[in-house]
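A, B, C, D and E label the chains in the order they appear, each numbered from 1.
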């Protein structure tokens, strides 16, 4: 499936590359900046991101892993009652501690 | 348990208590308190002597580790402890007069006295090690607080040499117990579980490392002259430093009983080293122009003799060595103090000042008498020691005894030369007034001299004290 | 079939108390001052230490043996909590000056302690790993928290090398698991001696990898390079924490793994002795060359690692007791020394050794205390450091590592020299102006220092106060599961 | 022909068929969407190419292939080309795991391309891989607006992925399996899960919209602010591939929702009374359900305005995440304490929760609508530092 | 069934690559990525062993290790970003405030 799916993309790109016209001009190949010349000749791929995005990324990593922990528990949940319930509660409470901390730190504010 | 059993413990820890007490004593009473404590300690020692030495006192200090608090003062150890207490008292007397704001110094002297008496009293290897290291700290501090500008290097050298030896000794101590399989570190137990075979030699070498540094024995002696040179001019720390030369005692009490085979095996080498040390030190001393260094090398030379005696494993020689060890402390210490007085008066430790005798006759006279004691003039305690050593050593290795014998001549040469240039020779320049001895200074030089003379003439009490102990130790060798 | 593990929270009690402190610091930090938090955490630490006594001699375990509140764990936990207590006391005074006075600092500290306790209480490799990582991760943050150039740099170094160490350790765990099919200490110990040759090979590989990983964590040469930079660059109170509590915990892990699970596994002993020899030589000689007191203490921590690790070469009975004894002493003396440094330094880069000159005449009490700590670190009797050294010498000696004992003794000479030099310098009279922070002497620090100095002296004179607790060989035999 | 080769070939054939089906759906989806939107906005929409504009998709396809494919000078060429391929590849792959009927129902073959025990997990993993395509595309363009778009979209997608992942936890607890077949089977027995997990479904629905970058969450390509987001520098087929990926993702999301909450490929059970086995017909039911959800997507696009970016993030983190957790806890508590009672109470609880939220919506809105503080820039930087 | 040895070989190669990366790379990020590579090598080994023993413990361990890796990523990136923002370099050799 993966092969076929990727294949479609590759074939399409190659086809277009073969079939499409190639008439680049400087203006056409310039990075988009509402028709102006890009500042400092363009930013390229070495740009820096606002730090907030790092925060979100890190939070995501952490929370996502926590979620990953929850899946096996959820699947086995009914077989492990009531142990699993207290586990779940403990887990959620700890998660909430982190969540509240993040909330109070105003990391989840976008202004 | 009677009071006498507690006396050694009292004698050990009384100075330490005094040392701590001094920290809270008002300034105006400090000298008196220190002197009183030192006198009390000496009194305790005399009381033990009067009772003919103490029994072994044993208490399980750290049972799981097999470390006991075993102390005994009797025989050699008692003699040395008495000398230590006596000289500490003298040092305190002089410190109280000589040093401005003597609080820390008095405190350190007392603290060190505890360590030293502890070393002599300990009948447990671990305990011995503990006191051995303990005595080091006050010595270092005295050097640090009162030393001269080059003290950092001297201090490092001193500490490095001492600790190099003592840590090897620690490993040996552990080895003695575990290879031998003794339940504790107490001597009584260790003697019943001797290590046999080549391991004994190795352990002996480890033990020897510490003692050779402390004796000191060539080539482990390099710290000694620097240590004495950089110490306070008054010579008080040097007195304590002299007392700290416990290597001979350690070898005698612990090494011979615990490593009898190794002692015999290594006897020729070690005696050679000892004789060489004696001669070499005397030779170096001859070229010294600084009194402290001169005395340091003189002391080193004496220690060579002591080592020669101990290593020879001959009864006469060992007794001589212990005798010398005990009494050289008296006159070497007193000599250090006398050069301290000299320095106070003329502001220099140079041997080439000249002409002091004309103004300060008493100082010169007492110093000369002490020098005579030092170079083993008959009638002084040193003579008995050196003579016994030579006599005993001659029975073992005549040639070595002969080499060592040369030393006594060399000693006379360096001592008299130095004395002559300082006290007699015409003053080169300047009209510095040199006051003679005042009040306690008479006592400070006179008392040690008196004791040295007393035991030079009437040696029976000291010999009676030491002889049985030495015999007991030498039985470990199995009759050779 | 799925079987819920038996859950008993009793063995967890100390951990839970500390964790409660950590969580409260996390959340309450928005409403109350850091000082209050520190007091709460102090209370939590003391409570946790008290709760240890309720577990003594009960040998309870939880989660199918994954958490063991055996006596070994309790003793190690006590050491950890002692270090924590001293750290907290010191931070009461110095955190503000070190610019780490955030609630997060306390929270991270307590999380790290939670991790440390988990290591001490661990009954299998996974719990140990979790504890180790909680501890390390919090440690990275603590080292960086100050936000200064030096702190960030030290944090990054700590992090990169620590992460590499963790990775190696985890790879080792994988191999140990591969060889024995279990992660539980007792099960590993039981299987370690009855393996096929092939599996034994895997086990040796795993043990060596774990050894390298732990060597990173406790700073055994040649994996020690981060230590001076991190201890030197982090705020002093953090260095205090890292060099005492964190190191104790890492050693607790080593004791659990190498003294317990892998005690019978072949191979690692010989590598460990080489590492120890290298550590002793490198740590001591490098410390000798240091001009900065803090860096010197950092290198001394490396050197002490060598001594501490020697205990692991002993039989578990002798080694465990020696290690635990030494760890407490090490904690007390290092913490007290660093506490004084933290109080008296002007900036976080610490003091140069020459700055110490004449300190006695300006801060006599602290100077005497520092001298006692240094003497103890140097291993001079009658301070407890001596008995620590003695015990590890003995443990190594008894198990046939005579040469290592001799080497340790020789390198100790260097150690004594570099410890005594500053100690003596402090007593040298001096007329130049003071080069230390004049108002450093404050009650909480004094308390911590007193605790350290009194502890070191008391344990030196009467080692039995602590040694009688740890001396029982049954405690350490249990580690091996026999 | 050996067995494994046959299996492989059949799988391959199925894969090709599914892909072709999806692409066709995508093509006509665009047409339908434009027509429907046109209808909603009272305009005709594309109606020139072919009858009722039916050939419009073909025309679009031909155009995008034959257009000039620009690669801006500052771009990282390799990544720039790879990004759309990744995007479409992951999108297409994800769909293959969804079962369209009972085993062996399709000419004796299974109506799915691959089947994993951890079906949902695999699917979630694959769909979240899509974010790589978008982010790499934006980053590799080496230009300002694509970068911003890429950042926004990845922040958005990862934020909502949390809500998505957590919102199905309650469902998993009820069902006790992660395989799609198991979930479908459970629903056939106990009733569709929307009844018991209304709140979970609502959260999942919203997350799905965000995950597929659809209105009202189509921030990454918000032309008013950042031109066309990550697509700014793309043209011709690569642009088309991204569009394709978006629509395929929509289809996949619809299929997942249908499978998880609406009984999957099974029709309503009572229909079996009319024609026996009717509810087991492969493909039919699933396609019908997918079509419904696709319509929903278009409908919402025609109805709701776009969120502001900060609102979007706050909504995800402050509302979705805690609610999903709450949903999980409620379900967990219910399962732990229900005794022998039926599941209906959980359904009531869930609906009640959803209703309560709707009623309180004005109050809840402040959580995400307005920023609570304005952060000075310096503080923002410091927050990143520690 | 693929023999366990193959998995181990793969994990060994990954681990070695990671190790080489840690030792030779000079950028913090690259060192860090190498560490992650090592962690994944450990994961592969754990899973392989778990399979060969037929025991799920190894797999749960992988779970934990993944979490640890994630936590490490979060903290590590935070530190690296903090340093990078302040001085525009993450080259390990450029960090020289603590030499001596």
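In the analysis below, a contact is a pair of C-beta atoms (placed from the backbone, for glycine too) under 8 Å apart; a residue touches a chain by one contact, two chains touch by 3 or more.
Given the structure is predicted, the values throughout are model-derived calculations rather than measurements.
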{"item": "Chain whose Cα centroid lies at the greatest distance from that of chain D", "value": "B"}
{"item": "Innermost chain, where centres are averages of C-alpha coordinates", "value": "C"}
{"item": "Top chain pair, ranked by number of contacting C-beta pairs", "value": "A-D"}
{"item": "Averaged-CA centre spacing for the pair chain C and chain A, given as whole angstrom", "value": "39"}
{"item": "Chain centre separation in whole Å, for chain D relative to chain B (CA means)", "value": "92"}
{"item": "Whole-Å gap separating chain B and chain E, where each centre is the average of the chain's CA atoms", "value": "63"}
{"item": "Averaged-CA centre spacing for the pair chain D and chain C, given as whole angstrom", "value": "51"}
{"item": "Contacts with two or more other chains, residues of chain C listed in rising order", "value": "144, 147"}
{"item": "Set of chain D residues in contact with two or more other chains", "value": "381, 384-386"}
{"item": "Multi-chain contact sites of chain E, meaning residues that touch two or more partners", "value": "71, 78, 81-82, 85-86"}
{"item": "Complex contact set, residues of chain A against chain C", "value": "76, 79-80, 83-84, 86, 94, 97-98, 100-101, 104"}
{"item": "Residues on chain E engaged by chain C in the complex (per definition of touch)", "value": "8, 11, 15, 18, 22, 28, 31-32, 34-35, 38-39, 41-43, 45-46, 48-50, 52-53, 55, 57-58, 60-61, 64-65, 68, 71-72, 75-76, 79-80, 82-83, 86-87, 92, 95, 97-98, 100"}
{"item": "For the chain D and chain A complex, residues of the former touching the latter", "value": "11-12, 15-16, 18-19, 23, 64-76, 81, 84-93, 96, 113-114, 121, 139-147, 151, 154-155, 158-159, 161-162, 165-166, 169-170, 172-173, 176-178, 227, 232-233, 236-238, 240-241, 309-310, 313-314, 317-318, 321-322, 325, 328-329, 332-333, 335-336, 371-375, 380-381, 383-385"}
{"item": "Footprint of chain A on chain E - complex, ascending", "value": "63, 66-67, 70-71, 73-74, 77-78, 81, 85"}
{"item": "Chain A-facing residues of chain C, complex", "value": "2, 4-5, 7, 23, 26-27, 30"}
